[in-house]
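First chain written, first letter: the chains are A, B, C and D, and each begins at residue 1.
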Amino acid sequence: MASSSRVEILNEGGLRVDGRRPYELRSVSMTFSPQAHADGSATMQQGLTTVTVSVFGPREPRSRANAIHDRANLVVEVGVAGWSQPGVGQRNRGDKRLTEVGATIRQTFEPVIMSHLYPRSEISIYVQVLGSDGGILPTAINATTLALIDAGVAMTDYITSLSVGLHLTQPLLDLSSPEESDIPYLVVASLPGTGKVTLATLETRIHVDRFEEMLAVGVEGCKILKAEMEGEVKKRTGTMVERMKLNALPDRAGGMKDSDRDILMT
Amino acid sequence: MLQVISVPPIPLFHADDVTAEFSKTRHHPDVQDDLDSDMDVDDEYGTGLGVGSSSRAGKNITSPGEVVTSAKEFMRGHGTYTEGDNVLSTVAGTIERVNKLVSVRSVRQRYNPEKGDLVIGRVIEVVQQRWKVDTNARQDAILALSSVNLPGGVQRRKVETDALKMREFLAEGDLLVAEVQSVENAPQLHTRSLRYGKLRNGLLLTVPPSLIRRLKSHFHTLPPPCGPLGVDVIMGVNGYIWVSVSVGERNNAAVEGFVDAEGVYSDVNDDISQSSRLAISQVANLIMLFARYSIPLSDTLLSDAYAWCRDNGLTKSGQMMDKEMEKRCLTEITGMDVREEL
Amino acid sequence: MTTFVLPGDVIPLPADPVDPSTSQSITFGPGIGASTSKTGSEAISVATKMGPVHNTAKRRKTKDGPTEVNRLWVEVQSKRYVPAPGEDVIGIIVQKHAEGFRVDIGAAQLAQLGQFAFEGASKKTKPRLDNGTVVHARVSLANRDMEPEIECVDPKDGKSNGYGELKGGLMVTCSLQLCRRVLSTRMMGEIMTLWPLNTQITVAPAMNGRIWLNCESGILPVIGLKRILEAIDAGEVDWENMDALQGWVKREGIVLN
Amino acid sequence: MPRDIPVPTINRSFVQAALEKGHRLDGRRPLERRRLLIQFPDPEETSVSGLGRVEVSLGKTKVLARVSAELTNPRSDRPFEGLLSITSEIGPLAGEAFHGEGRTTEEEVILTRLLEKAIRRSEAVDREALCVVAGEKVWHIKLHIHFLSSDGNLIDAGCLAGMTALRHFRRPEVERLDRDDGMAAIWKVYPTDERAPVPLSIHHTPLCVTFAYLEGNLLLLDPTSQESQIASGTLTLTLNAQRELCVLSKAGGNPLGVEELMKVVTLGVDVVREMTSEMESALKADEAVRIVDVR
């Protein structure tokens, strides 16, 4: 592909189309529990790409057939709002691409969720893309992590995900949709604790020698994103714990003996 | 060196600004000493807790994948897992250390039934000799025909035909209050006490289970000025709350063992006066208000709140509280500078 | 000489006994049915399956004179097992429910294994078996209209005698024919000569096309034996001719132990 | 069977134990591929009509690929490009998991999407070369992949069969003859005995390599169906001879460090080089024997 594509991916000053530097992430904003009656939900916005995820479960499986005897059964459904992609009316039901994204998210979270704690039950994850400006899969994975944490589902670590593009020899982080349609890119999701990669998908051609560097940059970016997400999670958890401490009711710490209870009941 | 910068988040979502840090809030007198007592308790054994990655906002708050402590001296409790010789947390919540046991209590979790819990449930299905009851938990609970009081007093012997007439006692969709008897593979319930059984004359609310504490009694009554007969509130540990017109003494009379045979499983609501309905819905709105702001529920909190509404003349007119009024009520009742719903 | 029949062929009945005083009895095993379509009137024996016809003719002395007992059946090459009472089977537990387990034995329906069908089972001592466990059992009930039932206890003495959970080793799936040959002929004896004398491999064949192999001393003998059995099943090698067998083993580079 | 039968736990632990000692149930080493067999239709009978048909078997997994071409009008938004469509048939023939009735299972969707990305989106076939007259007539190449029997790893066999068929296929010559009476031009498609058919222009040949890994990061090349049932995750790479990574699909399963992932990629490069050479030699062998040129 001729490098001088109609839109300059990287100008001389080293800035990208939206003015970011190669390794600069788009601005991130997170909201917790936007859906009241879901067990846990979260909306993640990276740049203009917005994905909201609701988690129901672990709960009684809808049909006895898919109850697994020693662990929880993970169900992921992905829907795209009609207005998210300009000009493309979406019918979410049989769309193969969405089934594939759903399967990818399910496989990515299966090793991280401690499903053996919830045998014979089902955890349903509903992903809804509200705005899409590139990086739908990474944003969906980040939103799913937050929604699972909000639902109190036990997980061994966060999973954070980013897209990594390649312009000539310069890797670019967190691509927006004009960049995504012009340059080859890879989506990577990793466990920040160990820095190991749980997801890596690529659909456009990249030379093997460039691949390692992009992978390393992606994992590094995921760590930064995790720090962001963890800050928000802890801030919110802090306020909730503060509220929980209200009107002098002690926490039900595991070891509270029965005798304590009687004293309280004035 | 690889240098990745992240742009400070511009919250596109929040209407009002959120970023103001928690100012030093004025605490309700009796809350203050409790908080202080908590303070020094933590400082005293604030040792040994590995500060995983980023600094802790507020007291020992942790989130999944963070090292809580080393596994050598401590035993692992709920919400944690061990990897190598570290104990890591699996949920976002507060770290609790009780002598050698370290566990993480999550702020929001699905109800996990334990023996002896008082729960409210809805009958989902009638299977042979058993009812399947939804108790907002991981799995539907089982209420066996044998663990239910049948009409006509406690001593009545079980008869074969009972199994056929199960739907006369409890049918799909009925609400009941029961106690968790055991929790092997699926939670088992029982209603072998006169306080338990089918619910009527009221309204069901669902709140996050973590807002309800395990107390000695979960049956609370707001006396008459709150509605002509008073209002009963049953707070199920599983987050289901039943607000109904108070049955008053008639209920205690049942304790002596004589019970009107048909009454226990009747499906018919008594006729409830308009003022009673008003009182019930106001109590319900107060409960949901506290739930929206993640404030733990207790009977004292409810009676204070209702008293506050009465003082501000809200109870007579039955007019709803607007946002401002809600904030004022919360701040005065709880003494917390309550900023936004959670 | 065994004749080979196709479904619909008339089954050659054994000739009448030479000595007129001996009576003759013929019993038909699987694969043979009676049909009147050819003769229009009285039924004649016709093959319903494809394969060689076998006949175990035996003379036996009985009180009312010598009789010649003939048992005829068509050797069937198939993988789908039709349960028959009294046969040994190897099953995989698919689902646990209140009164017992549902077990896959390669038949049309899942077999029922009651919780009391174990040695020393009682109301209190429930057998603790999970999904995926492999059990060696015996078909206690099997007929066309009901789900087959199996038990892990020998009805004669109530002991388990080898029935019950199979621990360790490997379960190999093959055709019913191979299982019958492993049971009846000296095939296993021949094959075992490939291994040095001291290697000890336990082989538990069952009638439903599954064989359980286990060897305490190592993995390789089991893999080797599995590959040989599968090759024999697929007809790639003939076990009767020992040098051909050894040649094949060397060519395939099977490491025996 | 009402519900799929679980893999016996003893088999699961036996396979795991065997792998730790570097052995697999079919005697292969962990990183050893099953025997690959590429068969073209008999050159005598089907000299020209047999072009673009191949049967690939990888152990017991067998796939048939067939290419056909058709003249159509181009898409309005892409007047200069021909069309390439891939249809994959996975019926119960290929294995009980793909039972015919009912909507396509998730596994099937992943398989068809992977083949789509590996062959079509990787621009293996030069679509501009398929254009006869821009905006008017272009070739529509149809690749059918039928999975005849499955013993695991359908992706590698399917992709190899597809690419071999495309390399082996030749499309007839075509010419536009303007009619003097102003009626629409007629498109003369020369039968293959008049003008020799023309091969497609193929930029590069992407081939898939699938690994499965089990607990303890044990890595297996070309897993059988039992091994994939036991595996905790699979990873598929699509590479071409120029060491370019066209598709990578690793979702879930054991998390891998960056270096471990790179080790797998470099391993994949060698495997693809091997498979490509086997494919080339099969194509050459067939070419030598098949009479296609008419002179």
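In this text, a contact is a pair of C-beta atoms (placed from the backbone, for glycine too) under 8 Å apart; a residue touches a chain by one contact, two chains touch by 3 or more.
The model shown is predicted, which means the values in this text are computed figures rather than measured ones.
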Given subunit B and subunit D, the chains that contact each of them: A
Chain pair with the most C-beta contacts: A-B
Distance-maximising chain from subunit C - centres being C-alpha averages: B
Subunit A and subunit B: spacing of chain centres that average the CA atoms, whole Å: 29
Distance from subunit C to subunit B - Cα centre to Cα centre, in angstrom: 60
Rounded Å distance, subunit C centre to subunit D centre (Cα mean): 41
Rounded Å distance, subunit A centre to subunit D centre (Cα mean): 32
For subunit A, residues contacting two or more additional chains: 191, 216
Of all residues in subunit C, the ones touching two or more other chains: 95, 130-131
Multi-chain contact sites of subunit B, meaning residues that touch two or more partners: none
Every chain pair meeting the contact rule: A-B, A-C, A-D, C-D
Subunit B residues within the subunit A interface of the complex: 2-14, 22, 28, 30-31, 34-35, 38, 53-54, 56-59, 61-66, 77-79, 81, 83, 88, 90-94, 96, 98-99, 101, 103, 105-110, 134, 138-140, 185-186, 206, 210-211, 213-217, 292-296, 298, 300-301, 334, 336, 338, 342
Parts of subunit A lying in touch with subunit D, wherever the complex brings them together: 65, 94, 96-97, 99-100, 103-104, 106-111, 186, 190-191, 194-209, 211-212, 215-216, 219
Residue ranges of subunit C in contact with subunit A within the complex: 95-96, 130-131
Touch list for subunit A against partner subunit B, complex: 20-21, 23-33, 36-37, 39-40, 43, 45, 57-60, 114, 118-121, 149-158, 173, 191-193, 216-217, 220-221, 224-225, 227-228, 230-255, 261-262, 264-265
Subunit D residues within the subunit A interface of the complex: 3, 103, 106, 109-110, 112-113, 117, 121-122, 232-233, 239, 243-258, 261-262, 265-266, 269
